[in-house]
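Chain nomenclature is as follows: A, B and C, assigned in order of appearance, with residue numbering initiated at 1 for each chain independently.
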Amino acid sequence: MTLSSLIELSFWIPLLAAGVRVATPLVFASLGEAVSERAGILNVGIEGMMALGAIVGFLVAYWSGHSWVGLLAAAMAGLVASLIFGFLTIFRGADQIVTGIVMNILLLGLSSLAYASIFSSAHVVAQLTAIPVFRVPWLSDLPVIGRPFFAQSPIVYAVYLLIPVFWLLLEHSHWGLSVRAAGENPEAVDSAGINIWYLRLQAVSIGGAMAGLAGAILAVVQIGAYVDGMIAGRGFIALAIVVFGGWRPWRVAAAALLFGVVDAFQLRLQVSGVPIPSPFLIGMPYILTIVVVAFVAGRAGYPAAINKPYPLRHFSRSARKLIPADTAVVHPLPQEHS
Amino acid sequence: MNSRSTLRRIVRAEKAPAATWRFEAVKVSKSYGAVVANAGVSVDLNAGEIHAVLGENGAGKSTIMKILYGMELPDAGHIAIDGQALRISSPADAIAAGIAMVHQHFMLVPSLTVLENLILGNRRFGGVLTDKRAVQAEIAALAQRYRIEVDLQRPAGKLSVGEQQRVEILKSLVRGARILILDEPTAVLTPQEVKALGLTLRELAQERHGIFIVTHKLPEALGLSDRVSVMRRGSLIGTWPTDQITSSELVMHMVGRSLPASVSRPELSPGSTVLELKSTCIPGHAGRPELRDINLQIAAGEIVGIAGVEGNGQQELAEAIAGLRHVSAGEVLLSGNVITNAPAAGILAAGVAHVPEDRHRDGVVLDFSLTDNAILVDHEIPAFQKRGIIDRGAVVRFTDRLIDAYQIKCTGRDAPMRSLSGGNQQKLVLGRELARRPKLLIAVQPTRGLDVGAIDYVHRQLIEQRSAGVAILLISTELDEVLALSDRIVVMREGRVIALPNKPSIETIGAAMLGSIDRTAGAA
Amino acid sequence: MSMSVDTPDADRWRPYLLGAGLVLASMTLTGLVLLPIGINPISAYVQILKGAFGSLNAVTEDLVYATPIILTSLSVILAFRCGLWNLGSDGQLYLGAIATVGLGFNRFGLPAPALLPAMAIAAFAAGAVWAALPAVLRLRFGASEVIVTIMMNFLAVTIATYLVGGPWASGITPATAPIVPDGFLPVLIPGTRLNANFLVAIAAAAILSFVLRRTVFGYRLRTIGQNIGAARYAGMPVNRIRFLSFACAGGLAGLAGFGEVAGIYHNLPNGLSPGFGYTGIVVALLARLNPLWAVIVAFALAALNVGSGGMQRAMGIPVSLVSIMEAVLILLVLSTRLLERRA
């Protein structure tokens, strides 16, 4: 690879295609985390949830023989993990960052343990058959963007559907309105009669399920195997992507694509034998993350209520018993019309 | 239930016969640990009536209202409509029953538009996706019917305080509320805005809505209501028709005795100028106004009071003098020395004491002991440390002296600050600051959240310091306080200081707050 | 992060009794995981105890394992106490190790007595520098130090791996070339791996505890951590104190790397840190940010880890079981509100 080849499309188109592929798990994780953070829950545990998703997805896909079953199982595993996380942070007032770090330690350890104990006696590294690329008819023949965007594994097309769904969900639905309000002024949401605790739990569950899916995509769809440490910080990079994308689905996806391209770029550089020491190449995504976070931090603002648990109400059991048995749940006042 | 048909019914009801109903709390009790907030409180409201619930801070009026709105559950007692008991265990239940609350701190989401705030959580605008255009027309019609002026497309964070309150009231109406509970509605309004609120409330009462007003302000309670109740220390003392009871009788009920004669201010001739602001400018931030061309002087032994509704720059002014906020132009002088933009530590060491507005955020560390809080400002003076190591003995002795001198009620000097009442916390802050023998004392909302005894105490302390020659800058939204304590009064409005004639009347002050008097202070 | 760690507890022993109960609970829960695989949890725990305390060598191994954890947990505590998250103690440890090895080759020909102190100072400085960058980005630009320190961890490991495989390779082992013997830390008990860095760790804990409780700097630090508004109001130089604290925190973690290189391996191997940084975070939280308790908790966790090695050798159970137990323990702690975040 010479300097002149950098100008040729034959370099950029495959790079873009690789970038889209690398970005896919990042998009999943970031979209989910964006919803969670909009509601006021910062989940640094997505790294661990991705690892959990990777091992669960891999195991289930391996045993069942179907990749999509593995993906489903991974999403559920991520959901369960995020429910634990949500319970501790929403209902027990635990600090979100502390809990997230602990979830990471727990889930990374659990994934490693699971893989080691199940495949410890195996001689061959277990592998899955890769999912074939599906070329969308006509669209994949478009110049420049055809190959990168429309000649990919089907999971990428799922992303194209997910982005507008998340956008509609966050910006144009009642649920999304409540979520956005919950991240800015949780008292207003409570006062409006919404159960803000369950609302936040829902949001964080979406984040967890998406993180689990992201890990499984990495293991099941892209690499076809589980390796200890395979997540390699992508969960934390997703946190930066969410900030960079301003918590808006389209921008988050674009930011993820940027990271994907950069990672694909440094991989190509490594292979091409360019005389740059490996730390700089391998470290590119991490350095980019640092730059992004530093650059955007001043302008962007996390939702105002992030990491501020909303106190539970004092529900005393004795009070419930004192209410007479024939109490109406709702007794609307007499209407004005006769 | 379709939103269109409901609203149509309400609109059509102008011609319907008046309905009557009776909403009441029956023997409601609530305790938080050892603290009894409500003890057997029974209070009721009829259709078309405005009922003021009066009481000083800590009397329990907010608690009973939170219970009525489902934000708290009672330990005993129940709520009923027309005698039928009702279970209200969450705001959702309250809303379904037609009860709405306008909180003291507005429940609006700043980044969402007014319209979005009104749609939030409102089940009448069903469906998954929000259909803003359809809803907008209906809400606009409702607003017009009640003569509430509001711009639905503006982000809620950009509204003025009065506008926000109007939106909150509209929010209640959009939810079909028949009963409105207003918690300290006049705390942030100018006198003229209070009158406007009164008109809106009358309009609502005419339409057979029922309104509870919770307040600690006597004149407004009398001016706005048909009936008034008094709460004291968690109990309801009594309920009377407003036109059948006098102010002084109400005061008796509120505090259990007649108010002490207001603190007398001995005649003093002020000494040399301690604080001087010359053409000071402080940039605005986050929607707060920019302060321009501030000129102010305070002499030793003089109390200058800044009246004005919150949010007009008073907080920023205090912070700038204390070294916590950047001054972009002009000068701040302390006894002739320039302290403009000097580091806060230096300003404090030069003899400035600052009793902040939000003591939980700025003034104390709740999780520290009293001792640790006592040395917050002075932790590095030679008396308390040698070569960077704190002299525990000296610190402990100092704290004990403070507790003794100011009669701070606590379980000991090692008690966490959190365990003290608001009044005792303020005593510590005040005591700590005064022990530093300051030349200038900046007191911002010094009696906020305190009960009458503590308020009286603070006032006496301020007068004593005045007699001792301390220059005092008093910033308060309580007009009575400013009038009682200050030698000179100025008003702050939108970042400017407005001078007032000697011994101004409340109307003059109110007019200045609204902008009818526009003279900016010369050498005020 | 405002945890109620500075609140004077009227009932000081209650949290710790509760803590002991939680330890038992987490041991039970984790033990339950073993049952379906057909292993008796009690015998597993017995093996752990044997592995941890069965011989003099075992006990010194506990201390050896505890040393870097004490230092990383102190690093985390120092940062947490002023409201900053130091999740990068692993990376700072690696930088300290790199500096130690670099000087340890003694290419500059330093005299023998000066070499070891120079290595220690360099390790501290390297760790401090690696922490200074996230600190600056946070204090000056508001960039989340959570993300930046974790990124720096990955970068540090990458650099270390490169050095091991490239310029400093030994050619034989997956480690760098060895340091000169003048750079070896003295051994405390002959025949064991227990070296002088253990004393350094204990001393650091004592010093940190003293500074926090009794000095002006410590008072300011604690105030910043509990209520930054109050700290500003009182005129404290908040950013300066935070920066110094964070840099020193990095230095402490650097010393952990120093100890591993100069005291144990005498070179820089791949995989030098099996997660000392993250264990340090767990220790810091379980010790409720108290430096002296951190020593005890670190020892307990170290014993657990060493013992689990014995358990693996005896019964074939993978050691990651222990990290799961640690995590379960802290999740239980979180659920009891001992570490509740207060407004």
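The rule we apply is simple: a residue touches a chain if its C-beta (ideal position, glycine included) is under 8 Å from a C-beta of that chain, and two chains touch if they have at least 3 such contacts.
These numbers come from a predicted model, not from an experiment.
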item: Pair exhibiting more inter-chain C-beta contacts, A-C or B-C; value: A-C
item: Most distant chain from chain B by Cα centroid; value: C
item: Between chain B and chain A, distance of the C-alpha-averaged centres to the nearest whole Å; value: 43
item: For chain A paired with chain C, centre-to-centre distance based on mean C-alpha positions, whole Å; value: 29
item: Distance from the mean Cα position of chain C to that of chain B, given in whole angstrom; value: 47
item: Chain C residues counted as touching two or more neighbouring chains; value: none
item: Chain B residues touching chain A - in the complex, by the definition given at the top; value: 9-10, 12-13, 16-17, 19, 21, 23, 32, 71-78, 81, 84-87, 89-98, 101, 103, 105, 107-112, 116-117, 119-122, 125, 127-130, 178-179, 208
item: Touching residues on chain A, where the partner in the complex is chain B; value: 168, 172-175, 177-178, 180-181, 184-185, 187-195, 313-316, 318-320, 322-324, 326-338
item: Contact set on chain C toward chain A in their complex; value: 1, 3, 37, 85, 87, 137, 141-144, 146-148, 150-152, 154-155, 158-159, 161-162, 166, 275, 278, 281-282, 285, 318, 320-321, 323-324, 326-328, 330-331, 334-337, 339-341, 343
item: Chain A to chain C touching residues, read off their complex; value: 44, 84, 87-88, 92-95, 97-99, 101-106, 109-110, 112-113, 116-117, 120, 232-233, 236, 239-240, 243, 277-279, 282-283, 286-287, 289-290, 293-295, 297-298, 307-309
item: Contact set on chain B toward chain C in their complex; value: 322-324, 343-349, 354, 356, 358, 361-369, 372, 375-377, 379-380, 385, 388-390, 392, 414-416, 418
